[in-house]
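I have placed the structure first, in the form of structure tokens, so that the comments after it can refer back to it.
Naming follows writing order (A, B and C), and every chain is counted from residue 1.
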């Protein structure tokens, strides 16, 4: 069952897009995750043994390379690129196709990590059947990526940032002015048939909050430019209420970095405490009506924590800029 | 755990709005109910003891104060304002925020009553943990509201109006001409995780039927102006088919009152009969392209029943008008 | 419980329609099936005995007589027209109503066959209570339709066409150029409360793929003109991944025939193999901005199989044309 390739086609509908007709980054992330969940669940059940469902553990940093618009067909293909004993690496590519002109563009390349959970007991991680590699180097390269992400997950651990608190009458351009929280009652259509929230649903909500923060800050049409690595620390079970909070951490001339925190609250189960389920940094850019990138108002950090987060954001920004210039890739 | 305040943010999408871009009243009612269900379920589970889910029992009369449009962010906040032994009163406020201009407007203030049902047996009502009031008067005022709504519920009981029957070739402006029925097969996404329909889902369908009746009558762009108190007489369980019927009862110069009846039919369970699950009066107004309120064609009641309902509607209209003028509040 | 008539009303929303504002044929098929499922489930549970849910077994060939647009109200009514020992025939009519002008048009007439499956064991088919006919001939005519469809189902059996395979760099106007596959992970909201996919959900996905194939081929605005009979060979259970593949088989001057294959893959259950769940031919036409039908580019069949399928499609096209002219009905 070596490498598998599958394609998902979806027509983008009005509800998938903002007022300017650009499809939300979150909608794209949700499609990517659905493809990843299908291919890895299928692979992990390809041998006899205990039945399982693949749960999203991590998404690597990903850039949104070109916008997708209403009426275009999203073409999502997925491939298993590596397996460790307990995890599957999936590479997903998204193309946008204008079916009237036939034009296709690469929208997104993403790498996701899944772990197989037993259907009988979703707290038990099962073993992953090995893939067959066509070239010897593939296994070695995959192992390096596996070790690198494992290390990074352990380093960042839970990035247990404080909770976003409301502030009365904040000044424009401050962190408090644009910070936003969204509460979502997990419903049946958010969940897998096995009772936990799809990783893609969580990412879509995260992008939605980040978008509200960005729009409040710069009051223009905004689009997702990139998302850094997202670790899913713990499953979100059905019956939870999730709070997704976003706050701006850093602005460059033409980009905004927004930290998004996801907390799950098992409302009906008082034996379980509220916990941080995921967190990530989203980068947004502001676009003119003609789709050209605009300067953004500079963020004014006020508290010591805000200043610290601003400097950390600047560090990530400069590091990514250097990396892109090193690779001679175009800037988003 | 005294008073709790939470905020839900949601971007209004094209599917939430009519052709003129105004968000349906039903969409707003659904958001309000979701906020109420979250805060009251959380409160009722805040102490050790049997786990429960809060079910909507009643929504007090509510006005739609200003329209909400596509692309705006709905800001829903909820607060527990009173608890009796077996019920929770929640006050929900909805603001619309234009994130590009930053302008905010109060859209809606609603009061909802919930009862906690045991997760093990949804026919069993549990006890509600008391809230701590910051001012002594709050408890006393709450008790008065509790007694008043209890009395009104007992008085109206099931308002067991007859069923809306189709009529062949009705004349324009008659009740028969605009009356409408919608049948809905309850699906998993309409239900809580505990197998009954969300009150908000029912209210959204009720508003949808009322809107069809109003549009058929006056053939213009119409919006919800207010909804009178809705009592939820009985849970609607999964597997039901619900019939939502609407008929115009009264017209003033610039408003239409529509009675909406909700009947549940437990299709697959012949031991249970069809029952009236809820009923309410919706008031709609007709708007010009520029958003100004238009005169509406006068309703022509034909049968004795229709004439009786017209007079009752007129009574409600005059009472509400007097109340608003007494309070010197602006007319909707 | 003789003949039952029910009406479902639904406002068509932006997400139900293509860029030209025409509601997708698949959305209409889904509404038709919901009406059929409600009326036949209700009828099959109208007597005491084992409880059941009606599962779609077959939809007869149906034409889309006039387009439905965003903002219009769909008026779906259903009637039981025949019952055999184990199946129910339902006739469904769809009208579109412009609620601003009051204009109504017949959009669709469809005939569906359902079988009642036991709620305790969805592999067991129960008996159907007989209907009472108002005219003696109705039973006899119904029996003829029943025998005819039974024969046709046995003849076509599973129409086990090969799988649609991707081709690199195909030429325009070839079958490979426009062929498309969509993968869908079955979610809770796709399913009945009894754990299998609604027939209407499958038909909506089938129309979606057919539409993508048609648009890729002719690069214009396209609409569904008709669907031939669809047999549902086997239930699709929750937890499946379904692959819906479409390929163009035939073009006349102004129409395109697209074959759509539905394969179900019980991902998490390796004891069950991938199986063909349904298949059908959709006919699409190309429309100008003003809604007039346009000539379509001629399909260029390349392989022997493609040429064979083209001739078979031509046969169906000529047969249907002759039938319509024989009945002196207007061409779609």
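Simple rule for what comes next: a residue touches a chain if its C-beta (ideal position, glycine included) is under 8 Å from a C-beta of that chain, and two chains touch if they have at least 3 such contacts.
As the structure is a computational prediction, the values presented were derived from the model and not from experiment.
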Angle, in degrees to the nearest 5, of the Cα rotation that carries chain B onto chain C: 120
Interface residue overlap between copies chain A and chain C, same or different (over half shared): different
Where chain A and chain C are represented by their mean Cα positions, the distance between them in whole Å: 36
Set of chain C residues in contact with two or more other chains: 14-15, 188-189
Touching residues (chain side chain A, partner chain B) in the complex: 14-15, 18-19, 166, 180-189, 208-209, 211-212, 215-216, 219-220, 238-239, 241, 265, 267-270
Footprint of chain B on chain C - complex, ascending: 6-11, 13-15, 34-35, 37-38, 41-42, 45-48, 51-53, 70-71, 73, 99-102, 119, 188-189, 191, 193
